[in-house]
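Each chain carries a letter (A, B and C) given by its place in the written order, and its residues are counted from 1.
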Amino acid sequence: MKADRRERGIRLILYLPTLIFLILMSIFPLIFSIYISFFNYTLGQHMDFIGFGNYGSVLTDSSFWSALRITLEIAVLAIPIEVFIGILIAFLFNTRGKGVEVCRMIILIPMMLPPLVIGFFWKYMFDATFGIINYFLGLLSGNPQIISWFTDVRLALIAIVLVDIWEWTPFVALLAMAGLQAIPPNVRETVRLEKASWWLRFRTLYLPYLRFPLLVAILIRSIDTLKIFDVVYILTGGGPGEETVTLTMFAYRVGFNYFYTGKAAALSWIIALISVGLITILIRVLSRKSTA
Amino acid sequence: MAEVKLKNLTVKYGEVVAVNNVSLTFEDKKFTVMLGPSGCGKTSTLRSIAGLTRPASGEIYIGERLVNDLYPSERNVAMVFQSYALYPHMNVFDNLAFCLKPLKLTRSEIKEKVNQISQTLHLEEFLNRYPAELSSGQQQRVAIGRALIRRPAVLLLDEPLSQLDAVLREEMKVYIKKLQEELAITTIHVTHDQTEAQAMGDRIVVMDLGVIQQIGTPQEVYNNPVNLFVAGFIGNPSMNLISGELSREEGKFFLVSKEVKIPIPPKLGKKLEKGNITGEIVLGIRPEHIFLFPEAIQDSVEAEIIEVLPQNNEFIIDLSCDSFSFKVRKDKEVLGFHPQVGQKSWFTLNEEKTYFFDKETTRRIELP
Amino acid sequence: MGKKWLSLLLIGVFVGASLVGYTAISSAKTIRILALAWPQAKVEQELADKYFTPKTGIKVIIEAQPYTYNEQKARQEVAAGSSYYDIYHYDSQWIGNYVVSGALERLDTKDYLLSPDSKINFDKDFFPELTYRSCKYPTIGPELDKGNFKAFKDTPIYGLPWSQNCEVLFYNKTLFKNAGLDPESPPETWEQFREYAIKLTNPPKHYGVGFSASPAADYISMDFFPIMWSWGGALWDPYTWTAEGYVNSPESIAALQFFSNLYLKDKVCPPDTPNWDMDPKLSALLTGLVAMAPEWVPLLGAIMDDPKSSQYVGQIGMALMPGKKDPATGKIRRFHMYGCQGTGINARSKHKKEAWEYLQWLLSYDTQKALTDNPAAAFVSGRRDLRYYAAGLNRWNKAFIDAIPTIRDFWNIPPYAELLFIQNREENLAFIGAKTPAEAMNYAAKLEQAIYDSSPYKPKR
């Protein structure tokens, strides 16, 4: 009995640092951010209780809706292409042979680079006058191209989507490869003996194995895209106008440029609710497909 | 339906030669068993026919067609794997119907074909189940059904029975054989199990080290093994082999080895003399071809029983003669006495069934 | 057992020593400065270690933070009521927020400037054009722009001038010569500016003008506002906090039309200009990609004749910003974008005395001269008595002193950041042609007016 109690005491002491850390660094700020979202509070200035005023202020802010639209546009444009190319790459590298291992490693490099680095070198590549992309477009079209990628409302978004695809397709490919590896070799050989078309094989045999890894990939990519920040921040800085300001960039601006702490807290919770909502819908839709 | 012809087939994995210059014809509508220990090249041969492995050299014909450069799917062959390889995400019906889909059949045609094959294979009750919900015997039948439903020119079986329990295996042996006869499909069956080979094969191809050792009916292979490998590999328990020197004393022939001196039956001795065979030689005799007596008779050799393994209707007896030990297999009724460990007994060789092999070439020596 | 005690003992000794060390540091006379990471901060630290600390025994720790993080850091410190820093550096537009947050100590009191011992005479020592904008609050307005400094005589003082800066026109003499222009007569008016720019443009190697036209930070506005002001446009009425009719006045809109035409119609700016912040503009000037651009005086001035950074050593000229002829007087009306930083004492500091002593030393003639003398500091002083010396010292000091009378600034009221962002965004959209100048400025007026109206600091009528 006595030893039991002592052990419990020791256990508690061992838990304590983690517990304190969690309470201080996660649970308290979380609750406090809800509290503060009900106040008109500019950092360092006095606080006025305004109920849901901050939430109203966010939802009537045209910049918020623009940021939400832009974030969703990036997700809707980038993720399907990432999944499509990811699957292609997975099939391409799912064979054995000399150099395949090396190629697999090379393919994964974009994913391992810090987003900051990616942002900077793509910024140079997209440069209108001396960027390599315009240079190649010039070679392809036969006359020099001066396309100003980041100063056109549509092109800026497309440039961001392209970089996102470049950065994150390897991640999808990695998960898809893992899915393909799970197919028993004999099953794959049996299919090779069948006359089935490529599409039939893909749909009935490969897709069931890819379904779960792709579900995971789409989910993670969706969550990631909802909080996309660094690459966009460096590539376009949100411009032109605010045509590439994403949700997190908008939240950053409200919180750390305007210092509207109360509104930023409300905004963060709205973003969190949107994310949870979208992800829940996504899980429903995708998992329904996989059981049908 | 078609015959399968191999011409100088060689399969290599890096530096390792798995199949070495094999030429062979699998006869049309016949059940051929490829038999050999693991690593002998039988599976590589099979995979080359299917197109799953690319041969280093040689030609493969199915019917009149050279198929070397054809995709597996263009060869009209079906294969059943040891692991069954059913499509796990499809139910039995869809597994069976999968290969019919590209054929642009109507729904009712597909249904009819599936029903037909499932009747043959007694799978009607399981059509809606998924592979994971089936026993291994049922999975096996689905795998065979899936291979047969599209009427392939050649059916390839890669150790399909090895994962079944003994009772099921016996059942399936008979079943597959019967099915093959009914459907008259050229079938190549790879196994390392010689009882399977004996029971099922119209012909047996014995392979070792990538080379064909012997081709023949089960009886031929059993009765006339062409070399020491086939002699030792076929038969259970395997043939007793004694290596020694032929000698002649007072008109009688003996095989003298380090361990023992065994008299050779006179008729055989005569043949040996006629064939002018002398010197170092290997004598082979199957356990079932040794006569055993509770007391000494003419030209018998004394031995001690050191182990008795009673079977249903026979004994497998380990005997020791000086330092040489060998096996005898006898019907309980034929034997006429109850062998006991430590008991002395006497044996002679069945002169009709005693083989001699060249020690150098390992080939069997044909006696006149 | 022995080991356990030994490790406990070691931990005890370590903790004890740290505590003793900490108290030793904090009990010594040390002042801590949250500084901006301008080149002068490093030189200032050296000078303080060399002269100030030996003389007074007060140790000085200057913590330089990059621009945006400085504001974030300072405002978090202020919100937390921290006394960690004794002195804050601040950019001119931050002062409103700092004052309403109670961050800065008022200096026009008996403890400081009004003390008989004060070594600083605020009005006499410094250019009021500079200090009235960044050290007094609230001050912005037409009276200040007219030079009527007496109107702000009693306005509270919260800081002293730390770093002085404005944008002037930099131009490339070599490229001028190549285009057949006189390298010694830079454009006087915006019309000339445009005319020259067209002559200087030869894509893709050379363009006439570069602007930092990105919508981020204050980039596009700092290049546009001098144009807007010289057209007779304005951001707002600072007395009534009115945007309508000011930011979208016909003059403001015409100025924006001129500004965007340079990019859209005349195509005298590099195609990436609407995404440019400070760095691309600076390097475009140094490499000759652009022949003219408004640029911060010491930022480029300090490096333009350094062969390591410049391809046109001795060939980069400086001039007052072009202007527009005032139809009434016939005089050229020109303006320069203000960019000064102040330094003030943390109202919660525990070492206010030492901090005041330091500020007096820093703003003294000798220290300011030492900073001016050191090219590594890229420093321009706000002291009046240094102007002739500095103007004789180098070209860029002179350019700055010439520009002082026509310097103007934008908002420094608390919601400046949101106003600035709206302004930037709309200017940028007009610049790239996504909106007409009238659309952009009308929309900006509407949004900015809403911000004025909802601000608790809007003056009551």
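Rule of thumb we're sticking to: contacts are C-beta pairs under 8 Å (C-beta built on N, C-alpha and C of every residue); 3 or more make two chains touch, one makes a residue touch a chain.
It should be emphasised that the depicted structure is a prediction, and the values quoted were computed from it without experimental measurement.
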In terms of CA centroid distance, which chain is the most far removed from chain B?
C
If I count C-beta pairs in contact for every pair of chains, which pair wins?
A-C
Rounded Å distance, chain A centre to chain C centre (Cα mean)
37
Compute the distance, rounded to whole Å, between the mean C-alpha positions of chain B and chain C.
93
Please work out the Cα centroid separation of chain A and chain B, and write it as a whole number of Å.
59
Touching chain C in the complex, chain A uses residues 42-45, 127-129, 144, 146-148, 150-153, 236-243, 253, 256-260
Residue numbers on chain A that touch chain B, as the complex places them
184, 186-187, 189-197, 200, 204-205, 208-209
Would you pull the chain C residues touching chain A in the complex into a rising list?
68, 72, 75-76, 78-79, 97, 100-101, 103, 203-204, 214-216, 270-275, 277, 289, 414-415, 417-418, 421, 425-426, 428-429, 432, 434
For the complex, which residues does chain B have touching chain A?
50-52, 71-75, 77-79, 81-83, 85-90, 94, 98-99, 101-103, 146
